[in-house]
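After this come two complexes, each holding subunit A, first together with subunit B and then together with subunit C.
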Partner chain A sequence: MAAPLVLVVLAAVTVRAALFRSSLAAFIAERVEVASPLNAWKRVVEGLALLDLGVSPYSGAIFHETPLIIYLFHFLIEYAELVFMITDVLTAVALYLAIQDFNKVVFKKQKLLIELDKYAPDVAELIQTPMEMHYIPLKAALFYLLNPYTVMSCVAKSTCAINNSVIAFFILATIKGSAFLSAVFLALATYQSLYPLTLFAPALLYLLQRQFIPIKLKSKSFWLYTMQYASLYLCSLVVIICLSFFLLNSWDFIPSVYGFILSVPDLTPNIGLFWYFFAEMFEHFSLFFVCVFQMNVFFYTIPLAIKLKEHPVFFMFVQIAIISIFKSYPTVGDIALYMAFLPVWSHLYRFLRNIFILSCVLIFCSFLFPVLWHLWIYAGSANSNFYYAITLTFNIGQILLISDYFYAFLRREYYLTHGLHLTRQDGTEAMLVLK
Partner chain B sequence: FQDQAEQFFRSGHTNNWAVLVCTSRFWFNYRHVANTLSVYRSVKRLGIPDSHIVLMLADDMACNPRNPKPATVFSHKNMELNVYGDDVEVDYRSYEVTVENFLRVLTGRIPPSTPRSKRLLSDDRSNILIYMTGHGGNGFLKFQDSEEITNVELADAFEQMWQKRRYNELLFIIDTCQGASMYERFYSPNIMALASSQVGEDSLSHQPDLGIGVHLMDRYTFYVLEFLEEIHPASQTNMNDLFQVCPKSLCVSTPGHRTDLFQRDPQNVLITDFFGSVRKVEITTETISLDRDLAGFESEFPEGELATEPLKYAEQLPVAQIIHQKPKQKDWHPPGGFILGLWALIIMVFFKTYGIKHMKHVF
Partner chain C sequence: AAALLLLLLAACPGAGRGAGRERRDALREELLLSPLPTGDVAATFQFRTRWDADLPRGAVSHYRLFPKALGRLVAALGVRELHLALTQGFWRTRLWGQPPLQAPAGAELWVWFQPTVTDVDKAWKELSNILSGIFCASLNFIDSTNTVIPTASFKPLGLANGTDHHLLRYAVLPREVVCTENLTPWKKLLPCGSKAGLAVLLKAERLFHSSYHSQAVHIRPICRDASCMAVSWELRQTLTVVFDVFSSGQGKKDWSLFKMFSRTLTDACPLASQSKVYVDISPKNKEKELLEVTPPPTSVHEAVVQGDKKTYAVYDLLSPSLFNTSRSLNVQLKWKRPQDSSEMPIPVLHAQRYVGGYGLQTGEICTLIYNTHPYRAFPVILLETVPWYLRLYVHTLTIITKGKENKPSYIHYQPAQDRRRPHLLEMLIQLPANSVTKITIQFERALLKWTEYPPDPNHGFYVGSSVLSALVPSVIAMKDVDVEQSPLFTSLFPSSDGSSYFVRLYTEPLLVNLPTPDFSMPYNVICLTCTVVAVCYGSFYNLLTRTFHVEEPSRGGLAKRLANVIRKFRGVPLL
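Moving on, here comes the complex of A and B:
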């Protein structure tokens, strides 16, 4: 399977190189959907220039990257385009390997459950076969590399690509079963942008499953493992943060990075939900609503953990999607990451109910973003409400997409154990409803 | 001759500046631009060169698409007097006329890249005429229909000018509604102020021109212009005559003036002290010896005066900064400890994951 992957990688690199050389690069780099105050390339350059002038890059409100990014780009700033292309390729390769391993795990588990007779007799058509699962890793790498969102994010040199690659490596490490590496990468991902903290739960669940430790609250081995993993994660996080202190000999980066992510002071429009609300919020209430909005990201972890404890990788997918919808400064690069996973759940296609409308909504909104931006900012004949309406619609589309997949997944699981033709007690055909 | 020479050194100013500001845009505020251009014309005619005039016009009336007579701005009906010509130098135009730019011009706190024509390079021997016109209210003057300057800000700007020794004497004329409120708050010495109307009164416009379709001038400035047309560089008319211009019968509003901060008697202040650039040149065929008594004149000041060090001319055009490059700063490098720590961690993680057996392949 290496050859098709290499071909895909080559095609992706060509597309990106072509776009880097064209005049579109400057245009895309300025778009607010692609570059947010957290990951815009302009700000990285500005921060490094400030550093050359002897001023701390965190002294203004321009630079919100972590010190490790400063270190990385200090030496690589001339090769920035190459760095971002390599990052994208690394992410795709990591996803490829991760999904390959995941398929093996799924297949093994399926075989075990069939042998244990856990499945109903008439669900033969629902069971995944190796034949259809053969091309899924390639499709996932393809989805990630050739997704217009990823291409735009790479051409804009947004450091979202680096965030994505760290998360992809984290997923690879988790699926391979190495708790240590997984904790290290998760700490790196949390250090980069705060929200991957919520991925701790699915990673833990997956590793527990892999170690065959049952997830019961009273079980001692469960708590032991959890403590081990948590301590690995926290220690690596602390070590990384302390190391960043030594780069500039100051703790300035903590309010600049994490304070900025959490308190959302910059209200430049983007594809997220924060800016419009907080642009018109009274000062008095802003703290309350910031807390409410931020809680929204972390809030779904526990209920999803309870519901999806048998399926941690799907949980990880849903959690990444929730992060990229509800985070304070989302960009299309974040969306590209969870969309790369959609081929893994392609067997759910027959249970998806709204996929046509949702894909239309997402595609239309993606095209309408620049149109309404132009109308608002340049032509002056629209206002922020137009742009926010499209933002809202886009996010509703994404949320419905995720809940559609969620519904389809649970429905398939139900059918697997209870048979395809469900009947009610009086013999008529039953409908499954997600309550 | 001794007395005349003494008078030569005793008179206050050696150069004249003018800052003429029109703050309104849009076609129907034609009269404000015409006002400013009339004063510009008079001031130029009486000798102040363009290099000493900062003219700020917020909109372009001469080339406005609604102007039936393009490239002209008339100040009198029947198009008798065109105050626009081909030697009008506008320094701040259109959207550059903002409160911030105006205050920066006055106080001299401008970015080093500002061209010389946009600077007020006055010193402590400059007499400055500041003329402002537009729409105003009680305590403020509207700029460009989007922001205001308040009388407090203006007073503080003048105080900054005084403390920086940027003027010898200042004449402030304002032609707006409730104009007198703008000079109420001045507290710096050597300022004389005139306004076209008192607080609570509106300044009215003079006549509409049916050919152009708008009012061409405001009354107060119209009569001031008429008055100034009589002045020539050698005239001895003084400020008291200027205060009589435009009585209530002609102007409908009551013009006001303020002289309490001014040290000389308005009777002794010539119009050309502010509106013209009169160089005191006296041609004589006799030699006058400037003996030490003249230098001793300075020490006649009472000892109780502030014993400050002699005031130097402040460097206003930072030539040195513009010409000489600053030495390039050394690049920043990450500290060695950080690099060591980071790579040690990375190597530790690598070996922990893949086992120590790879060590012998590395070395």
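Moving on, here comes the complex of A and C:
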């Protein structure tokens, strides 16, 4: 399996190198869908230039990266293109290894459940076989590396690639079962962009499952493990934040990075829902709606944890998707991360209801974004409503895609336990509804 | 007893004479008329009240020539220097030459506070509000989003010991409009008002019918005498106006006081100790006389002003011989021969600024600075204040002179904070002789909240003029003259030596468009975005709280039964 992966990596690197050398690089770098005020490369260069001038990068409102990025690029600014290509490759390799391990886990669990007779007798066609799962890791790596969103994100040198890489390593560490590494990478991911805090729950559930600790609120071993994992996570987070303090000897980065992510002062258009909403909001209600919108990312965690406690990796996928839709400054790089997981759920294809129309919506919206931006900003023949409308449609497409996959997942679980050919009381073929 | 009475009587006139000798304030008024190379005429009025009092100590209660409003302001708020200018129009340095006193378009206020002031920002806010009331100008819009603290430009023009730049505040309101409402309170501050002296010429209907109108107030402490043991306070009120005589003079370039101001001078202000009219009759060409003034001047004065030798015809309104022949003075100027463009002198330092780029996302501010001196290079300090919603990227700052990069020897950059303070960029740039320096910096345009746009959002947003301060080398060496005796128009800026003179230039203000949201849509946007969030919430709620069930056939509602009845009639399979 290594050879096809190497081939895929080579192809991806070639595509990126070709685009770096072409004139499209400058065009892609200034696209608002790809570069947001949080992760644009122009702002990283500006922050380093401010540091050279003797001014703290956080004294203005331009630079919102963490001190880790300053430290990293202080030395590597000459090789920025290489850094981003290597980051993408590392992410893909991490996803490959993680999904390979995950497949083994799935297979083992499936075997256990079949032996325990938990499955209905006629569900043979729903059970995943090693044959069909063999190419899934490669497909996931391919999906990530050759996704146009990822390629554009890399060519624009958006630091979203670094965030994705950290999350991918976190997923790898979790699936491999190492609580310490998982906590460290999760702390790093939270430090970089605050929202991966919600991935604590799926990681914890997975690690508990792996240690065969039952998830009961009264169980002592559950609380012990949870406390262990939580303390590892919090300690690493505190250590990383203190190290950042010592870089510039000030706590200025906290309001500049986390205050910025949470209070959304910059209304630069992007593919998310926040910018136009707060551009048209009365000042009086601004704080209330900021809180409501930010809570939106965090409050699906507990219900999903309750519903999907047996399937923590799917929970992680849904949570990553919710983060990339509802975060304050989303970019297409965030979307590329959860799309890389879609091959893992390719066995759900027969239960997806709207996949054709949703993929059409997503593809058309991706093409319409730059067109309507040009019409608004350069041609002047459209106004901000056009771009906003495409933002809405794109986000509805993503939301329905995720809920479609969720529906298909739950339906397959039902069929596995209740049998594929369902009959009603009078023997006719039954319909399945959500009630 | 009689001897005592005699002694008293002798003492009293002495005392009276002493009180008269001890007059502690003096007013000098002056009008400078200079024909500009393009045929326009610039008229600069200066009224200077000098007062030997100790204002900050609060030991003053009797105001005579110095206006009480400004005196109380200086004393109460601990102001050391105050400079306020309200300007309409732009001084075209390249066509009109170096200005005597330039001000940027709109309102400009810069103030040095005394070191005893503890909360400078509070004093600044109070000061701008009080001045807003005194001058009927919207100076109350000065707040932290357009105030900066320059570090190198705007050094004190008066006496100063120690210059901690944290006591300095500078703000400019480029959108401010100047009109009669602002002229009237300005005239009221003059001791004679507009009833006597040179101020009778200040009639609003002619003054605002001009290409450039700038009125300013400068308050500063100066040395009382050469030994500088005590401090006096100086209030200068200047008004510069440029008339486009060609267009308003029925095509003839000859002008007169009556043509310009529709008034003539009848007498000097009785409270003034000096009242003069200077007319610039410097010959551009050594051989031929260019101008002829009537009536004949009281005297002719030669001076080196701004590095150039100039000749002035002086009319002293206090000299008794002036009003002998006629009751009023109407200075008239005739052009002896037409000017040719080769005689137009090019100023040594001039600049222009413009916005480059296209679209509403990014742009570029380009400043061009020209040094036309044939062999002398000199440094210039450039101060740029850019509002926070044009996000400057200082790593894109490039300075190119004669095709090569020119690194500034001093650069002070303070980035903006959203909705709190503007960008401040100060640079010391060396300008080589006979060169053009191009300074470019890129910016990104921000999308503001819909309530932050002005009522006409598509008009654009103004960016205040940038300030260039330089010691320009003069062509002719200037002698050190006694400041008190020289004309007022030569003595506002202190010069340290005669080989260079201080110039402060302002570039054009810029007008930049920002992308706008649709202002009619707040309710729609809130509804639609909340709908999208609700779609997510609804789908997830369904999937999280409901479980799959096999659907049991229900008897169906009334509609279904009715439909089945109709179907039975038609012979079609039932639902």
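Quick note on the criterion: the second predicted complex is superposed on the first by the 429 of 435 C-alpha atoms of A that agree within 3 Å, B and C clash if a C-alpha of one lies under 4 Å from a C-alpha of the other, contacts with A are read in each partner's own complex, and residues count from 1 in each chain.
Just so we're on the same page, a residue touches a chain if its C-beta (ideal position, glycine included) is under 8 Å from a C-beta of that chain, and two chains touch if they have at least 3 such contacts.
These numbers were taken from a predicted model, which means no experiment stands behind them.
Participant: Using the superposition on subunit A, tell me whether subunit B and subunit C clash or fit.
Facilitator: Overlaying the two structures gives a clash between subunit B and subunit C.
Participant: Thinking of the overlay built on chain A, is A:A336 touched by subunit B (first), by subunit C (second), by both, or by neither?
Facilitator: neither
Participant: Kindly classify A:L19 by the partners it touches after superposition: subunit B alone (first), subunit C alone (second), both, or neither?
Facilitator: In the superposed model, A:L19 contacts neither subunit B nor subunit C.
Participant: Mind working out whether A:V89 is in touch with subunit B, subunit C, both or neither, as first, second, both or neither?
Facilitator: Neither subunit B nor subunit C is touched by A:V89.
Participant: What is the contact status of A:Y71 with respect to subunit B (first) and subunit C (second): first, second, both, or neither?
Facilitator: first
Participant: Which partner, once the models are overlaid, touches more of subunit A's residues, subunit C or subunit B?
Facilitator: Higher number of touched subunit A residues: C.
Participant: Applying the document's definition of touch, where does A:L237 land relative to subunit B and subunit C: first, second, both, or neither?
Facilitator: A:L237 sits against neither subunit B nor subunit C.
Participant: Going by the contact rule set out at the top, does A:L207 touch subunit B (first), subunit C (second), both, or neither?
Facilitator: Neither subunit B nor subunit C is touched by A:L207.
Participant: Taking the superposition on A as described, I'd like to know which of subunit B and subunit C A:F180 touches: first, second, both or neither.
Facilitator: So A:F180 only meets subunit B here.
Participant: Between subunit B and subunit C, whom does A:L53 touch in the aligned arrangement: first, second, both, or neither?
Facilitator: Once the two structures are laid over each other on A, A:L53 reaches both partners.
Participant: Where does A:A189 make contact in the superposed view: on subunit B (first), on subunit C (second), on both, or on neither?
Facilitator: neither
Participant: Per the definitions at the top, what is the overlap between the subunit A residues touching subunit B and those touching subunit C?
Facilitator: 53
Participant: Could you pull out which subunit C residues touch subunit A in their complex?
Facilitator: 358-362, 388, 391, 393-395, 411, 413-419, 446-451, 515-518, 521-522, 525-526, 528-529, 532-533, 535-536, 539-540, 542-544, 546-553
Participant: Which part of subunit A faces subunit B closely enough to touch in the complex?
Facilitator: 51-54, 68, 70-71, 74, 178, 180-181, 184, 239, 243, 246-247, 249
Participant: Write out the stretch or stretches of subunit A touching subunit C in their complex.
Facilitator: Listed in rising order, the residues of subunit A that touch subunit C are 30, 42, 45-46, 48-50, 53, 55, 59-62, 265-269, 273, 275-283, 293, 296, 300, 303-304, 306-307, 322, 325-326, 376-378, 380, 383-385, 388, 392, 395-396, 399-400, 403, 406-407, 410-411, 414, 422, 424-426, 430-435.
Participant: Enumerate the contact residues on subunit B facing subunit A in the complex.
Facilitator: 329, 331-335, 337-339, 341-342, 345, 349, 352-353
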